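The two complexes that follow have subunit A in common; it is paired with subunit B in the first and with subunit C in the second.
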Partner chain A sequence: MSALRRAARPRGTSMRDALYEEPGPRTRRKIVIGTVLSALLVAAGIAAVVRQFYVTGQLAPRYWSFFLEWTTWRFLLQGLLGTVEVAITAGVIALVLGLLLMLGRTSGVAPLSVVCRVVTDFFRGVPSLLLIYFFFFVPAQLGLKMPSFWMLALPVALAASGVLAEVFRAGVNAVPKGQVEAAVSIGLSPAKIMFKIVLPQAVRYVIPSLIAQLVVVVKDTTVAYVVSYPDLMQNARVLITSYDALVSMYLVVAVIYILINFLINKASVYVANRTGVKIIR
Partner chain B sequence: MAQQAPGEKNVPIIELRHVDKYFGDLHVLKDINLKVEKGEVLVVIGPSGSGKSTMCRTINRLETIDSGEILIEGEPLPQEGKDLTRMRAELGMVFQQFNLFAHMTILDNVTLGPREVLGMGKQEAESRAMELLKRVGVAEQAHKVPAQLSGGQQQRAAIARSLAMQPKAMMFDEPTSALDPEMINEVLDVMVELARGGMTMVVVTHEMNFARRVADRVVFMADGQIVEEGAPDEFFDHPATQRARDFLDSIKGH
Partner chain C sequence: MGLSELLGTYGQNYLNGLLATWSMTAVSFVFVMVLAVAVTVMRVCPFGPLRVVGDLYVQIFRNIPGVALLILIAYALPDLKIVLDWRTCVIATTILLGSAFGSENFMSGINTIGVGQVEAARSLGLSFTKILRRIVIPQALRTTVLPMTNLLIAVMLTTALGSQVPLNPQELTGVVSYVNTRATGGILAFLVSAVGYVGTAFVISLVGNRIDKRVRILR
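Up next is the complex of A and B:
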């Protein structure tokens, strides 16, 4: 209970340490055996995959040699740039819109609250592909010309904003009631309580979920082919047709996506650690 | 300590008239009538669940009431909006769990109210905050965050945060109940100083020695009612009701 005791808890105490007790000698032996067995299984799996590649001829030079050409990489990098542009735009819009939807929903103004709730649930419930089709067909029918960039960025952002609104709301609800009571007691207005006391703490609680959602945004942009926007995936498809090399190309693209999302993770952990004061409870 | 300048009109700072409150079917406050005069130190004691915390929290509307009236300096406590916000700024509140803003340094905790509510400049707010922190003995901790402080230090910082608003009166809702025993006195000492300085105080507590030493008046609550009230010596030495005698007996020998 006491804050001193809480603060004195050794650093590095994580959820894992809290959930599992320190293993005894027998458990440690089991862990070693388990580790060795699973490592062997993984190695065997990889060997089987490589063998299968070999047997089916996927290791043939004609499936891989074009990766030695600069033009291949330049085309892929152009796609990567497209992915990054669209993902960042969609991510920023989604964060702002999600925050606004949450603020509206928790505002206490009944009509606004209901509208924001319906909008949130709608965007959260509709598959992003459906939203992309909407932006692909509907503006065109109304005679509006929309660049393919926005036909992709907007629906991906809208879909994510619904989820982010709920993520922010979970964070706001996680801020202890006493924080608000103390703020109320020194005479802060409701708006100041939200922006000075509640939100700064709420955002820190939900940073892991925010990251997860930004990864989803990046993955959502891979349906760019629907609106023929040249992102990484779309350019990869072009290369697949021209070199007739499906497996090798998808393998390389998958690795690139994994790297992007790994970087998002690293960057956000770095940012989270740098947001100054950490909340210890 | 309830000195009244001769000729000054005798309007209580806080007055509760026939206050009733329910939590669902539970009648938690039953016809509470209470006056707190300027400069008076009122200590509220009673068994847990007697409604003393709830009563304390109704005074700045952290808890709403179902009927009756609460008057602050003769004016009804506003129900909402800017008037309520302004009134709350004039009443200090110290919580059992300290409730320091977890993401701010101690100094920022103390300057936030004066800067955002009283419109004070940064420099003035900080120099006054440092003075208050010195007064409660946590000036060295000014640039730490709450989690780095002991409970006693946090509670003293919370008192400084409240004082920074220059309140007309302060409510203390079991301020030492969440503290380790060795830290209780450092907080009580600060409160004794405040009482000596003439602060109007409503203190909900289990610290009987503090009540006896500092209170101008003791209010004993049980089952949502004020059962007995009087001067501390009178109450502790010659309780008039059986309820109060039972309560005092039950906490004796500690």
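Up next is the complex of A and C:
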């Protein structure tokens, strides 16, 4: 994973542009024609979509006017706050669990290492929905009463912890071997080597990847309605029943989620470019 | 409920669930690959509007939560007079999500090749199609084996969205919730499905690592 430390490519020389030679006059003409044709194609596609909305009556004001009201947005923002709360809680738990799983796996203690590896692979290989259903059904069957917040936060955290353990491990592997050897030769204990030498650097390598993983956490929280936790999606469903406007509401909510995740991804890329590390997923 | 009792009563459901998960994964992945190639071609083609659409496609489907997309396809499209059956809805969702990530894998595969190689090839007098066929595509494919293996596993996990619509037969996650609404399946009911997922993921990554070891380019 030494590629982790490879510095970002200088801007401006992207591979997509390098593929083509500097076009001559004839090629330039072809490109202009192709650009115009493809623009027409795209415009036709957009027109077809808008037409479908129009024909089916989905552009009618009654489906969109309530977005002008503050109460709509206040309710959606309340849901968004719920999403943020549960995502951050799950993210923090996953961070701690992922770190512990990684430390266990690289501890060199055989039984602990095997257990941590199995747990990591388990949470990475199971859909988060299955874990959510687990926390929805099983504690209730055992007679435990669990708040819906934790029925959502815990499974999302567990699902992410497996991935984060692998991200941390990649970060640890990216620390040059020579440093560990040097630390051994001056007589540091394995624990000291991990916590004083390797981990501080490893964490720095993986910060962009950790930010990028937040996207997965946010996405996983959208099934909050399974446990009826009031997140953005759940509140949108409530609004849909009161305004009877399914298409417009789900579209707006989808756009909100896309924007949030897009910004998280952008932040991750920004940090990666500033520190010159690669994002691992 | 013990394991034998669980499998005695619901064994057939689990088996059908596993087969449904496998078949949806396989069908989705084929289309994911086709669409990922198409989107990647759009993103590197010289026509501005197509590049924009390709980039937009990837940003949208990379960032939209699976459930939100499934709900749009399954419940919003019928209001626009486009009605798909449940299974098609789930598969379409998986394909749209997967192909965005697949295209990202291809793009980073292309990007690892390095501008210098293309410039070298051009100075040797290779034509555009030859550069693509001999230099870019073979290397891009070889470096994307491992990411695509992970994508295949991700596609399988995404088919769990099928539990959110009335599928028939249900897939593995849907089976568990079915079993649990009927009886107290407990932890075991989940473990059976989990083993189905983890086992499949294990086999996929085993095969993927084998292929990767054989074709990997050491740099």
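In the analysis below, the second predicted complex is superposed on the first by the 213 of 281 C-alpha atoms of A that agree within 3 Å, B and C clash if a C-alpha of one lies under 4 Å from a C-alpha of the other, contacts with A are read in each partner's own complex, and residues count from 1 in each chain.
Basically, a residue touches a chain if its C-beta (ideal position, glycine included) is under 8 Å from a C-beta of that chain, and two chains touch if they have at least 3 such contacts.
Bear in mind that the values here come from a model prediction, so they are computed numbers and not experimental data.
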- In the superposed arrangement, which partner chain does A:197 touch: subunit B (first), subunit C (second), both, or neither? first
- Item | First, second, both or neither for A:247, with subunit B first and subunit C second | second
- Touch check for A:38: first (subunit B), second (subunit C), both, or neither? second
- Pick one for A:261: touches subunit B only (first), subunit C only (second), both, or neither. second
- Task: Examine A:133 and indicate which partner it touches, taking first as subunit B and second as subunit C; both and neither are also allowed.
- Result: second
- Item | Partner, of subunit C and subunit B, that touches more residues belonging to subunit A | C
- Between subunit B (first) and subunit C (second), which, if any, makes contact with A:186: first, second, both or neither? first
- Which positions of subunit A sit in both the subunit B and the subunit C interface? 281
- Message: Per the contact definition, I'd like the list of subunit A residues that touch subunit B in the complex.
- Response: 1-4, 6-7, 176, 178-179, 181-189, 192, 196-197, 200-201, 204, 277-281
- Note on the structure: The answer for subunit A against subunit C in the complex is residues 9, 13-16, 18-21, 23, 31, 34-35, 37-39, 41-42, 52-53, 55-56, 58, 121-122, 124-130, 133-134, 137-138, 141-142, 215, 218-220, 222-223, 233, 246-247, 250-251, 253-254, 257-262, 265, 281
- Message: Under the stated contact criterion, what part of subunit C meets subunit A in this complex?
- Response: 43-44, 46-53, 59-60, 62-69, 71-72, 75-76, 79-82, 110-111, 113-115, 118-119, 122, 128, 131-132, 136, 150, 153, 157-158, 160-161, 163-164, 172-173, 176-177, 180, 184-187, 190, 193-194, 197-198, 201-202
- Message: Touching residues of subunit B toward subunit A in the complex: what are they?
- Response: 60, 62, 82, 85-86, 88-93, 95, 97-105, 112-113, 116-117, 145-151, 154, 158, 161-162, 165, 178-180
